[in-house]
Amino acid sequence: MDPTDDQVACFEAGIKFGSLYHQFAGTPVSPESADSLARAIEEAIENQPHCEEVQVSIREEALRAAIDAGDADYVEFTGEFADVDVVVEYEGVTVETAMRMDGDYPLMAIEDVRE
Amino acid sequence: MDPTDDQVACFEAGIKFGSLYHQFAGTPVSPESADSLARAIEEAIENQPHCEEVQVSIREEALRAAIDAGDADYVEFTGEFADVDVVVEYEGVTVETAMRMDGDYPLMAIEDVRE
Amino acid sequence: MDPTDDQVACFEAGIKFGSLYHQFAGTPVSPESADSLARAIEEAIENQPHCEEVQVSIREEALRAAIDAGDADYVEFTGEFADVDVVVEYEGVTVETAMRMDGDYPLMAIEDVRE
Amino acid sequence: MDPTDDQVACFEAGIKFGSLYHQFAGTPVSPESADSLARAIEEAIENQPHCEEVQVSIREEALRAAIDAGDADYVEFTGEFADVDVVVEYEGVTVETAMRMDGDYPLMAIEDVRE
């Protein structure tokens, strides 16, 4: 069957999450550069169609702990270092989604769908 | 409201498309290396949860035309050089999705949702 | 033979250019988000060892022209949209490098090596 | 000063390493998909100018250990999961370079420069 508007809205939200994760995973990041990376992720993904808002909150404690445990003074960006919220609107349907760590896995999930 | 199974299935399908596009966009590609890139994309994304199948079909004519028009003997991979199909299954819901060029834009769309 | 300090310095400079290009190529970018992307690239790559300075200057005219020519209000970031300068220092050797468009190819080159 | 041929050769070798690392870091990888990823990396980077050979050898033991330690049946590709060798030739200068783990850091180094 053809998709309904809420299905398309959820599909679009998924695109945003896959995009931001795989575009920016691997970026060298330190406490000093974390803010500019977070802003760039937000503004880059907000360019995509139907994307209302992206919020990237760096998990500074996890970032500092990873740097302390390693041999360099930066690490490669992965999901463990940020909480991310994305809001998509499509044909009157609003989808709120979030990425949070679930154990050691950065779980992306739909938090709310409303018309 | 909490998402329904079909909404989650569509969200998961979107994640796969965003992931594969932004992981592999920019990869140097030529007619000689197109096959290995296509296979790697398929097998990489099929690792992701709920992903049943990924098919990447290189658009060889577009690839050769772009190389002929440029100054190098390869180009950077973008959506203009591949048709992609992704099938996701989640809790009994099957979602078929595709990326096809729509003018100069690589449009990702849901083709079918069924239980 | 083992590499000399100036050879290592040039190798390190090359790493920075390859990294920044292939980390950020494909990022959605518009005139509104260009600044945050440029700052994030600079600060991310400056984390890497022996990297003294990275300067990313968005080629706004090229960016606006590409957006006007396309079907979306953003494009994917590639070398055609930025001039980049990178300075590396290694064991007293300073290497200045730059990426500039050469026809349609983003040419990365060493501009100066000095001890 | 203008760079010498050996300096340019080393710069080009660095570009290849930065490119391959930051293009492919973050790719979902499992023991089943490791071969196709390795081949794609090799053939993609060999497209780049002056690149004679790329060899990617997956560190299967490290890969399996990381998957056993995690919550998913794949991991994101990083330098810890591959040894990489790259040979560049430029104007009669051959540069052999390698990426090997040095503690927890994927160290990229020049192994040999010869004319």
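Each chain gets a letter, A, B, C and D, in the order it is written, and its residues are counted from 1.
Operating definition for what follows: contacts are C-beta pairs under 8 Å (C-beta built on N, C-alpha and C of every residue); 3 or more make two chains touch, one makes a residue touch a chain.
As the structure is a computational prediction, the values presented were derived from the model and not from experiment.
Enquirer: Spelling it out: a chain qualifies if it touches subunit C and also touches subunit D; which chains qualify?
Expert: Intersection of subunit C and subunit D contact lists gives A, B.
Enquirer: For subunit A and subunit D, what's the span in angstrom between their mean Cα positions?
Expert: Roughly 27 Å, centre to centre.
Enquirer: Once you find the CA centre of subunit A and the CA centre of subunit B, what distance in Å lies between them?
Expert: Chain centres of subunit A and subunit B, defined by C-alpha means, are spaced 20 Å apart.
Enquirer: Please compute the C-alpha centroid of subunit B, do the same for subunit D, then give the distance between them in whole Å.
Expert: The computed centroid separation for subunit B versus subunit D comes out at 24 Å.
Enquirer: Which subunit B residues reach two or more other chains?
Expert: Subunit B, residues with two or more chain partners: 19, 21-23, 26, 72.
Enquirer: Hey, how would you classify the chain contact layout here, line, ring, star, complete or other?
Expert: Per interface graph, the chains form a complete graph.
Enquirer: Any idea which subunit B residues touch subunit C in the complex?
Expert: So the residues of subunit B in touch with subunit C come to 21-22, 25-26, 70-72, 76, 78, 102-105.
Enquirer: Along subunit D, where are the residues that touch subunit C in the complex?
Expert: 1-3, 6-8, 10-23, 95, 97, 108, 110, 112-114
Enquirer: Using the touch rule from the top, collect the residues of subunit C that touch subunit A in their complex.
Expert: The contact residues of subunit C facing subunit A are 19, 23-24, 26-30, 32-33, 36-37, 39-49, 72-74.
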